[in-house]
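What follows are several structures.
In what follows, subunit A forms one complex with subunit B and a second complex with subunit C.
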Partner chain A sequence: MWWHRCSCVPLRPVYAEFELSLTAMGAKPSGRNVQGQRVCQRRPGSQGTKMEMPLWLAKGLYERKRRVLSMELPKVYREGWRTVFGADPTVVDLHKMGPYYYGLGSQLLHFDSPENPEIANTILQTFIGRFRRTMDSSQNAYNEDTSALVERLDCLERSLFKAGQSGLNSFQLWEKGRSSHLTASSLVINYRKRKITDLQA
Partner chain B sequence: MSLLTLRRNFFNVHVITTTKIYRENCLNEAKTEGKSELIPSIKFRHSCLLRNQRCIAAYLYDRLLRIRALRWEYGSVLPTTIRFHMCAEEMEWFNQYKKSLATYMRSIGGEEGLDITQDMKPPKSLYIEVRCLKDHGEFEIDDGTVILLKKNSQHFLPRWKCEQLIRQGVLEHVIS
Partner chain C sequence: MDPAEVEFLAEKEMVKIIPNFSLDKIYLIGGDLGPFNPGLPVEVPVWLALNLKQRQKCRIVPPEWMDTDKLEEIREQERKLDTFTPIPSLYYMELTKLLLNHSADNIPKADEIRTLVKDIWDTRVAKLRLSADSFISQQEAHAQLDNLTLMEINTTRSFLLDSLNYMYKLRSNLQPGRSQDY
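Let's look at the complex of A and B:
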């Protein structure tokens, strides 16, 4: 699981899956951890096997000197897509291309690929290119359906959008003079809603 | 923002699996003695252990953050429905947090201390108009008068007295 940088953590596992060439020797028994995730099974001595692995596992096994694993970059970070991002970052549907584009990209730099400087630069420039539009739309969409604005954004951009919206809403509340209006806590409202649905069920 | 019951059995399974995996690792390490063959498998198991640890830590931490928010949203006394979902250690943590907060509040603002859980939104007037959302019984205000809070009754009460009840959903702040 790759942890998103802001530590409000959802517990859904995010599999950063990519092909790995295992150039390792050594008996590795079939591993299965508590959640019963995918079994990494290898027969002893099978070199050059390609398999998919979660990011945390790849990071744990990776070693520069010993060359246990070599990592194959996912599509979005390769040369072809990098040129697309260079040309116009705003047209890309980042949610479809991997909802954690920025986060995963930053983690991939860990694996010492020769293209690292270019990957890092692309990620940075993409963010810079797209940020303006995200900020603009979040500050100007008041009280309307924002799904069209949000659907092509990656998760980091979505959290920024949400922050912008919450700022905008607070400001509007203040302008209307309702910032001193006392309200029930959100917990109470949710419990009440839950109770009603329980009664109806 | 809801707190569900702590998944105890999930943790027990985790502890058992962890010890099993750890023991396998120790066995392998004993066999190694200078050869580097088994190191990838040791690293593999270790990564699994660390990852499970991270997941559990995140889950527990998230719960703690919600429990902390409960102090600010609900007040010092939690309703039984919520307390039912908390385990003993979390209750203990909550009580400690309450104590720390109370100590802090006493230390600031001069002699009597300052209640920072009040006036979370900027106050505009001393007295506010409130409507009762459910029967809450009798309510005494500072000058001794007792008010009967019946459903749908409206009252003009001091703000600092009502704030807690409004947050709990008993009263509703009416703005004309």
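Let's look at the complex of A and C:
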């Protein structure tokens, strides 16, 4: 069930500190998930160990009352970077800072850190600040190499960019009159089927 | 929506033609057309006009607004105002493209008209982007834009709706005790 729910959330490691011994809970700290991959290191989970684990596992283990684990915020969401985003969100290379800045940030709010309101606000303001740049670049770059424009964008912004480009491309195609133009499928061209007339020649 | 679908809807608009054949009134599902008498102008939908023109059975009369002076006036007004000016036809872009591609010989100063319409289009789309940006940056919940045509809306529809959806999800993070899964 967890695997299905988190299929769109990547296996992003989150730093978690164990506050209770996991063996005391009767659960094993390591194991294999559905695909047979090692999920975490086999280490006796004693109190206070710092460990990396995927987000979905941390979410599942997290409980406010029993305090199984507490989460350490990745540095992009901390005070220092938050002021950078507040100053000018457009200069940051969001892809390098974690390709899922917005998605991961929204998931981290689940862990009830005291800085949650500021994190949520920063994420929203960053999105709004970068929106104009994304819109302009996606709507004005027709038939060009867009890799330079896209490389500094987070994944969410990239999907927006793609939507803007597809709108622009279909309009330009229509204006040229090629939207009702029949073209051979690329698969057929790649087959390079030999025609019987060519064989006989 | 595809631009081709918007063009299909635009072809329902009526335009005047001067046929060179004669035919009695025809009764179609959408309405009655005709009768056609050579040399006498008659109003038909654009799809029929284009078909007759391609078979060389008529001459298309350009609509009144498709005139360089009128279009220049509209262009100047569009550049002056911040809001969208009412334009004479809701399908000006599609009609320009269709009529100029198929019957440029019937329309005087076709190239100038094409340039003017393109200028008007660019101005309007730039205004649309500006208002979309202010809509998002001020986090408004409701915006009203008058005098927009379907083609303009269609080019920004997927982008704007997706970004508003994402913004809504990020905004609901601000409410305590809720975090979105997506």
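In this section, the second predicted complex is superposed on the first by the 140 of 201 C-alpha atoms of A that agree within 3 Å, B and C clash if a C-alpha of one lies under 4 Å from a C-alpha of the other, contacts with A are read in each partner's own complex, and residues count from 1 in each chain.
The criterion applied here is as follows: a contact is a pair of C-beta atoms (placed from the backbone, for glycine too) under 8 Å apart; a residue touches a chain by one contact, two chains touch by 3 or more.
No experiment lies behind these values; they were computed from the predicted model shown.
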- prompt: After lining up the shared chain so the two structures overlap, which partner does A:R178 touch, if you call subunit B first and subunit C second: first, second, both or neither?
  reply: first
When the two structures are overlaid on chain A, which partner does A:R132 contact: first (subunit B), second (subunit C), both, or neither?
-> second
Between subunit B and subunit C, whom does A:G164 touch in the aligned arrangement: first, second, both, or neither? second
**Message:** After the superposition on A, what does A:L57 contact: first (subunit B), second (subunit C), both or neither?
**Reply:** first
For A:V188, is the partner it touches subunit B (first), subunit C (second), both, or none of the two (neither)?
-> first
**Asked** Should A:T90 be classified as contacting the first partner (subunit B), the second (subunit C), both, or neither?
**Response** neither
In the superposed arrangement, does A:G103 touch subunit B (first), subunit C (second), both or neither? second
The intersection of the subunit A residues contacting subunit B with those contacting subunit C is 8-9, 179-180
Subunit A contacts subunit C in the complex at 5-6, 8-9, 102-103, 105-110, 116-117, 120-121, 123-124, 127-128, 131-132, 135-136, 138-139, 156, 159-160, 163-164, 166-168, 170-171, 173-175, 177, 179-180
Given the complex, residues on subunit A that touch subunit B span 1, 3, 7-9, 11, 24-29, 31, 33-34, 40, 56-57, 59-61, 66, 68, 178-192, 194
Note: in the complex, subunit C contacts subunit A through residues 2-4, 7, 97, 101, 129, 132-133, 136-137, 139, 151, 154-159, 162-163, 166-167, 169-171, 173-174, 176, 179-182
Subunit B contacts subunit A in the complex at 1-2, 13-14, 17, 21, 24, 36-41, 43-48, 50-52, 54-55, 58-59, 61-62, 69-70, 73-74, 81, 121-124, 128, 159, 162-163, 166-169, 172-173, 175
